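Let me begin by handing over the structure; questions about it come next.
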Amino acid sequence: MSGVVVQNIPRAAPAVIKGLAEAGVATVHEAQGRTGLLASHIRPIQQGVAVAGSAVTILAPPGDNWMLHVAIEQLREGDILVLGVTAPSDAGYFGDLLATSAMARGCRGLVIDAGVRDVADLRAMGFPVWSKAVSAQGTVNETLGSVNVPVICAGALVNPGDVVVADDDGVCVVAREAAEAVLKKARARIAAEEEKRRRLAAGELGLDMYDMRGRLAAKGLKYV
Amino acid sequence: MSGVVVQNIPRAAPAVIKGLAEAGVATVHEAQGRTGLLASHIRPIQQGVAVAGSAVTILAPPGDNWMLHVAIEQLREGDILVLGVTAPSDAGYFGDLLATSAMARGCRGLVIDAGVRDVADLRAMGFPVWSKAVSAQGTVNETLGSVNVPVICAGALVNPGDVVVADDDGVCVVAREAAEAVLKKARARIAAEEEKRRRLAAGELGLDMYDMRGRLAAKGLKYV
Amino acid sequence: MSGVVVQNIPRAAPAVIKGLAEAGVATVHEAQGRTGLLASHIRPIQQGVAVAGSAVTILAPPGDNWMLHVAIEQLREGDILVLGVTAPSDAGYFGDLLATSAMARGCRGLVIDAGVRDVADLRAMGFPVWSKAVSAQGTVNETLGSVNVPVICAGALVNPGDVVVADDDGVCVVAREAAEAVLKKARARIAAEEEKRRRLAAGELGLDMYDMRGRLAAKGLKYV
Amino acid sequence: MSGVVVQNIPRAAPAVIKGLAEAGVATVHEAQGRTGLLASHIRPIQQGVAVAGSAVTILAPPGDNWMLHVAIEQLREGDILVLGVTAPSDAGYFGDLLATSAMARGCRGLVIDAGVRDVADLRAMGFPVWSKAVSAQGTVNETLGSVNVPVICAGALVNPGDVVVADDDGVCVVAREAAEAVLKKARARIAAEEEKRRRLAAGELGLDMYDMRGRLAAKGLKYV
Amino acid sequence: MSGVVVQNIPRAAPAVIKGLAEAGVATVHEAQGRTGLLASHIRPIQQGVAVAGSAVTILAPPGDNWMLHVAIEQLREGDILVLGVTAPSDAGYFGDLLATSAMARGCRGLVIDAGVRDVADLRAMGFPVWSKAVSAQGTVNETLGSVNVPVICAGALVNPGDVVVADDDGVCVVAREAAEAVLKKARARIAAEEEKRRRLAAGELGLDMYDMRGRLAAKGLKYV
Amino acid sequence: MSGVVVQNIPRAAPAVIKGLAEAGVATVHEAQGRTGLLASHIRPIQQGVAVAGSAVTILAPPGDNWMLHVAIEQLREGDILVLGVTAPSDAGYFGDLLATSAMARGCRGLVIDAGVRDVADLRAMGFPVWSKAVSAQGTVNETLGSVNVPVICAGALVNPGDVVVADDDGVCVVAREAAEAVLKKARARIAAEEEKRRRLAAGELGLDMYDMRGRLAAKGLKYV
């Protein structure tokens, strides 16, 4: 699967993607049955940014960022770059020049199971990144990888065109075909939570609201 | 010790707790003989917040946040939830709904040797958290733990009612019975440091102020 | 090499040091052939600060900060303290009192392959730190180390008087003798990047600008 | 995909599986273009065992080994259990009772991105395991997962029926459909290596045998 | 609690300790309700050794092994040294000389949340060790700790005189007062497992033996 | 310093090297003032082997083992290959073919701050390795590094021709110029330890033998 660039990938509807961004990572993760979460070592370099977009995927060798240059040509407005590696690397695959280029193509952000650099510039440019590391370590352009093939990024399978949702909690991926259904469930969940939040804020206990006392007692919980 | 909720725990005097919050983690840790510090993998999700409160402790199974619901009922104004696990977990035990409920009961914060989610909301709500991880990963409600029993959290023993001090440096726990004495020592330390700070800022060297030169020479330090 | 303080060390020219600070870590690292980078576990406790200075080096035992007191006497305006350890430690070697003293001597910051404490104070004072950990854990003054000897800090060799460049990307060290030449290369690189940035922002692809298509095809990249 | 057991999965031909076991992990990984390798945190609990078998896959919640009981019913002679988790866990999912049961069904081993226990017994029984951790920590039977669905195990995608190759170097997975072709390439590689080994043992240099000197000189390598 | 040596500690009955050693870590951990397990980063330096003994506890500063010398005087036949640290350290606190001395006092082994050295000698002498690291790094004798006070070792609370059980699966601690009751439960468990092992070896499925099918179906498990 | 091969390096006398191997890592590390130890993440792939040899050093890019081929030509009887990386990598740089070649040139072993593969073969061949990881992951031959320049390997500076001592405790490097003096001290240490071992084995306490009681009491140690 190495050395391949898939050029035309299907994407989810913009309104669905927008809705998933608003729902956020935790809600989307729950709405799709607690799947699709990237490992918690993927952290945002900024604070307070929540986005969603279509995955343009990259499978890259360790310490080699050549395929990022190739992937940028495949970007469309609203895409998010997702880079998985064939072997672990903390090197700085991505910096302000690549971000300038990606933004010029409409890219909304980067999720990378490796390192990035120029993070002060990236924050100043408003280009959000979720990465495994921050490192100035340079990379080479020697070995082919692939673009828009299925990749595993931080333990999650990402297919090109899947919807990537990212915020301060981390990153969740939603299969493109399921995106609309997941959004529907996420919205139902949000609506239900609104009422719960109001009741909890008023002092009602979760023990009562969720009707947990009986089951706790049945399991043997003792108050002393 | 599993499946037990201790309902009425003694707490330290509010004025003592307030004084320990003002002293801060590093000073309190020193004042009680360098004990009580939680491991440095516990990090704040916010910046610039310093609090202290009485520990309502939770012993929870990995990936199961049921006991948090139980613990919230035990909260009183000024308490801090402290959650230790029976086996390691990075899952997101706590989010904005539980924080809403805890805040409604007067809770001042959470210290957790596991993960939390909805961190953007938690920061916006002003609910401070010190955690091992940030993760959207959901938890289950299947296995009992205990509330207000002694727990080990990030390598430190916390008894219910102990004073928990937390700031940007991390978290320190003070035994309830010792809290007043520790505060006294902390204040003495702060007073002494004020004078030292003034002298150091004026250019005096620690080598002279602490009278270190003789002992360094005796150990064999050579200037070349 | 233990128990030695070298008192007079040569330093690079202030204008060169200033130029390297402006170039930043990633550019300097590239300009000197991708060497001198400290490991990515060294992270800033603040955001948005970029500095450079002459290294006053410290070789310290684990959990013992005695040599920091000794090193402060050796500081001159524009220096940066660089502390390497003889064995791993996350303890809090440095806090607000030492920072007060170091600032009074003109010190610009600290790079430490161990922990620091009082980080809220350090941020408020404007004293920048790059460290391995944040920990309130106190240290002792029992065992000698050395000051201004060559040290390995986070996997990089630092000689006293070397130029230390630090920003949000991490830390890079430049040999004093090479500093002027590296600055020249860094400036050439910056000038070249300016033009590239303009072209990429205008939508030109890196694939074309860097003339990568032929070599990619030769390696066998296939578009499907 | 949770709560599903796929009962009849296709498997590769026994002779192909046997051949891949003989080739070993490093050779198979190379023969299929350096793909399919599980992360290096997966380590054998024994030494000197090399096996291959058809993957019966398990997707399991953290700290919950219920699906292992379900999976054992699906085992046939020559299978290897492969367990991936929905969130990280080091708990001891598997011990001597499950191994007894799995061996009675013809199972050749276990690859698990979590912990195992009773390792002294497992070694004595000759049941090989490649795991992320050794831990006596018990697990629960509360939450469904799935059996024989595609799983990500230690960063690698494993489909049910894929050929799993495991030895002291770690674990590599070969897609069932590709297994015969990969074996052919692996055997060609082994044959070629035999001659190389003979020449190198006789003192010939890789620099000459692989004809590297020209390319090294072209890249600028200097002998001083 | 620093600077204290408790000289006469109660111990469990030798026959109970012997029984717990035979039961092993996993069984003892289960028999006492899944508590008392040390974190899985504690690993044996040898293979195939299973012991139990009374804990002589040590609370030691990072990189300082002075209290080990003090503790050895407190050893009696059948004791196990258990060392917890006041801050993390991987240094080599213990080697062949201390082992010689400890063996001369009847010590059965060492459990240490830090490093050891001379491991080839320790294995040759038959002195078993469970440690966090192997490191030749020397330690100092400068700062007091305590002996036979409650310590936290690898996340578990160990009181002096508690029974420490250690084998290839790791280490479990049993409260002295509970030791006899735990042994009784452990033996019941072993007896029950013997019958289960026989049935599983004969090909019976855990699904049937544990009567899991109904509950799995009720939770919604689907066979396809 | 990249792209350079230093061809003729001085080496220590064979008898000195042999003596250091017999002294072992812990003793040599102490004899030279507790310096030169590699970080404890470097572990042997075999058990019970103790060697020493002259360092032929390699500075290699991440995931690129080209320089190993170059280094083998520089080997002489009794050398040990020492590989440091310019950025972290766990890839399998070295396997049975390179070991065959190195052994044919008289090489005694490999110390590598990265991964190795074919470890079953390496153990069978009797070629000892101390590495950071075991991984089958292949490497490329694309980027130059250097041979026989000073390298930092696992946090320690190694100059070409330095004496590398390695056993089950890890790896220690001795400066070539200091090797004879260090050996002398190591032998004195061994002689002194022999007598101590005899006395400790006879039941004498370290507290008495090292005359520690007075200093402990002076520090405030209390027996209760």
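So that you can tell them apart, the chains are marked A, B, C, D, E and F in the order they are listed, and the count of residues begins at 1 in each.
Definition applied: a residue touches a chain if its C-beta (ideal position, glycine included) is under 8 Å from a C-beta of that chain, and two chains touch if they have at least 3 such contacts.
What you are looking at is a predicted structure, and each value in this text was computed from that prediction instead of being measured.
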| item | value |
| --- | --- |
| Where subunit C and subunit D overlap in contact partners, by chain label | A, B, E, F |
| Shortest walk length in steps over touching chains, subunit A through to subunit E | 2 |
| Interface residue overlap between copies subunit C and subunit F, same or different (over half shared) | same |
| Between subunit F and subunit A, distance of the C-alpha-averaged centres to the nearest whole Å | 43 |
| Geometric centre distance via CA averages, subunit E-subunit D, whole Å | 31 |
| Between subunit E and subunit B, distance of the C-alpha-averaged centres to the nearest whole Å | 28 |
| Multi-chain contact sites of subunit B, meaning residues that touch two or more partners | 34, 37, 87-88, 90, 135, 137, 143 |
| All chain pairs that touch each other | A-B, A-C, A-D, A-F, B-C, B-D, B-E, C-E, C-F, D-E, D-F, E-F |
| Residue ranges of subunit F in contact with subunit D within the complex | 3-7, 66, 69-70, 72-73, 90, 92, 95-98, 100-101, 103-105, 115, 117-120, 123, 133-138, 141, 143-144 |
| Residue numbers on subunit C that touch subunit E, as the complex places them | 61-63, 86-91, 135, 137, 140, 142-143 |
| Footprint of subunit B on subunit E - complex, ascending | 1-2, 33-35, 37, 39, 86-88, 150, 152, 155-157 |
| Complex contacts: residues of subunit B adjacent to subunit C | 24-26, 29-30, 34, 37, 40, 43, 47-48, 50, 167-170, 172, 193, 196-197, 200-203, 205-207, 210, 212, 216, 219-224 |
